[in-house]
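Chain nomenclature is as follows: A, B, C and D, assigned in order of appearance, with residue numbering initiated at 1 for each chain independently.
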């Protein structure tokens, strides 16, 4: 959904692709989790052999705390999707797996929410266009108008959804509008790119595992508002950023990625804000990239990241 | 010099400013170097007291290898520039100083050169606009057309200067055009933002201390072409980027800033390229920011960075 | 105080010394703080010129939050200490400075407290012996006997001060013994090297600015007991260590140094413990080194580190 | 081989072990490589199922450059070693695998070579004793006597093998002695812990894949002698350390682990030496730990590290 007269950057071929499948082959990503027991890998690899799959990457993890086994396999096969599903179904049933088969050619449709600060939106849009972030961004939503030109430059529709305490723009109305947009644009993932409104508990629950936020601190330090000012007050010598799944408890959701940046006494809280920006951008893009590549699985309150 | 009908981002107030001078006061940065001896600090601080300067930051370094003393002072004063020059002149003469007084309100006019890869240009333009990079970018020059839309979005004139082996677009012709542009736009600094042409020895000499390049390796490893491929071949476990002043010896100039990024056996050379991008951007922006703030002084083949 | 028959490592000359003073000269470190105003640097440098001081390093900082000016100067001079004190006294008085003049040849006498975990004690003892940590360690104190052999190897007296709830070894008795040892050994600094007992509020107050603890998390995350287990529970992707001055509020004191280490879902809490060790050691040694070099000044709840 | 009257540190249980096998079960590590093709994982997991193996960790990698498949599996089984070998043999033959089965209870017998600088030897000895480095150190060899007390403290035999240009202590004689010791102590791995002699090409060839060196730079920068001085000369802003397998080409061997440390203009070459020490120690210990856990496989000139 691109505006035909928008100013466009050239779109180079995506980088980072694994060895391309041969003509006629399809590339898939399989993710699964189940109670750990013997025989899982043998059964899964057996099913993949049945469909002449060529495995290009495989990772697994056996969580001692929850007794859960996790696996992610990338493969290509001449078989049709139905055949792959059919080969995997008995295995999934036998082990009581939560199993998902992803078509690697289908990109994660991502709705980005932002407010006034555009640096993480800019990183997402640029990298998506440059081919280093394998998602689609069909729409940007914001409670302010400031970032509309940036979205337009990338040819992405920008929907202004203001939020105020009264009138027709209450949070409830804004969230209703958001749900409509998620449906209308067939959205897989919501990314809060320095979006300053707090989502309601209901919306958080509906978006469980499908909404990623970037918090500008090294969680669990400095939750909530103005983390850089809190950090400066505490006199820490490192500031950070955390990308995590959104849950009803603010800044408590499962962590996907974290980075830090050194600071000294000589930096003011405003300097922390300036310095923190590129760390926020990198951390959010990394988390979104991993999610889009189906590399992040949930293990209770934690994430398993097959990076 | 902004195109009135270009799509524009809002321009927030610059962050990171030190305590603002009072009304009627001017802010200056003083940088100096001279042979080390006693009494320098006393003389300099004395001269500044004469003009009622309020020092907001001061750093010094005494190089044991070259016997050179370096100093950088930020201050504001109600005095006019002439008065400050007059107070400092005898000190500069007494110690044989190379001394420069910069008006902190005057921004470094920066000409950015690029080719096809736009990520570092994007970082420079975005941060300049956002106020976190205190430079002016009056013009972008490129040997390709790919990045013209990006420059236009930021309202920056884009000059296409192709380079080919024969005809009217030889390197010599291109460099002559560059010199004209440097003069026409009153340029202080040239930044090579993944510009793929190698500058001639003459041009390097003319631009000594005024041209910054970003090389996508951790120098002195992997000079020259395709450093990520060289790095991959060698099997290093960290890739990096180096921002340095340009000299006639390719990738040999004084280093300003360096960063690294971990990699594993599982990443291909193409992955190195993708991963390296944000490190290149951060490193180049950091070096340009420090240069624009007059924080980088040359000490032989090395830099003194009063960061 | 070295046991003549202890197994001893050779003691190489200290590294990292600045340009040595000439014969007959003394090396000093001056630290000072006062309300910020004009003329401080001019006055201090003037006083130092009076005693023919050769400044080898000088750093200053002007805290916008507290309005406090901090300075640290390293210099050598042919003058006697009395003369230097006399030259500085009027300056100190004029600006209401908290001023301290340190003889650089006099090492910080450090009492190290430990329990069962010996890795940070090992780092401190080794680096002190190797000359890379400019302190004296006249005594090690522990509530267990496990680390006595390690102290003996380095020829350092080991005093066993057990702590139990009742009988003669209560915490109060142990702290009384500690005070005696601090007096007896003329101690300047107490370092808690994974010492597992919590100091009383009174003792913390007495040791204000003179006791450094290493906490095995990135504060303010995971205060108190078993921080690696808390970190594992939360699913963070970085673990850390924080060296800070001890105050009555557990793990709340001014931070001197912090470092982090990446972890993944595949590491257990026990792995966090193993991985965190070298970060704890480096961070504690760095903080102790800076303190011993008089590079750490207190600015309210934060530290100014002239590293 | 411990001296009964040596001063000994207590020996806590090793940390970092995976879920312990049940009574009567044995723990193994399987590593293999072969030309990549379909069916490998299915065949290997099938063989392991035959012996009722419980897989605790499994990693694989498919090298696009060399077409080689690598795998490492940790498992425990009630079966005897013979049975496991028998189950795996047909799989190894079918795929032309280079396959090794390691008993996880058997530690890598490591001969450490050192000269005068003891910090990396100290890290190896301490961590081995503390249980965080799963190796045996039956003997330390040195061309100097300086570090004998340190080895004695840990109860490790210390063999002095001086090297000089003439007389009976030529390099050839020293290397002959080393070969004897490798045989006598049944050595699996030689670690050069800042050992300053260069091994002959013949010895390097004999020790291929079994000798690890720590070079105090970020290779391939600054090979050879005095890398910190070379680094200081070049004015880099990061110094580093590289642990690699030893080959006949000095500092050219496959890299296992690398780390960096920031430096500024204010540090002298001697400061680089002091600062670099802990990075060298951590990097060497990490490489030795991975090797001892059979996590490092050779892929041409590079390593695959299943960390």
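Note that in this section a contact is a pair of C-beta atoms (placed from the backbone, for glycine too) under 8 Å apart; a residue touches a chain by one contact, two chains touch by 3 or more.
Going by UniProt, the chains are A, B, C, D = Formyltetrahydrofolate deformylase.
Since the structure is predicted, the reported quantities are computational estimates derived from the model, not experimental observations.
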Of B-C and B-D, the pair with more C-beta contacts is B-D
Centroid-based (C-alpha) most distant chain relative to chain B
D
Compute the distance, rounded to whole Å, between the mean C-alpha positions of chain B and chain D.
43
For chain B and chain C, what's the span in angstrom between their mean Cα positions?
38
Sequence positions of chain A contacting 2 or more other chains
57, 64, 266, 268
Quick check: in the complex, which residue numbers of chain A touch chain B?
7-10, 15-17, 57, 118-119, 122-123, 126, 130, 132, 146-147, 149-150, 152-153, 266, 268, 270-271, 273-274, 277-278, 281-282, 285
Along chain B, where are the residues that touch chain D in the complex?
61, 63-64, 218-222, 233-238, 240, 254-260, 264-266, 268, 299, 301-305, 307
Going by the contact rule set out above, which residues of chain A touch chain D in the complex?
18-19, 38-39, 41-42, 45-46, 48-49, 52-60, 62, 64
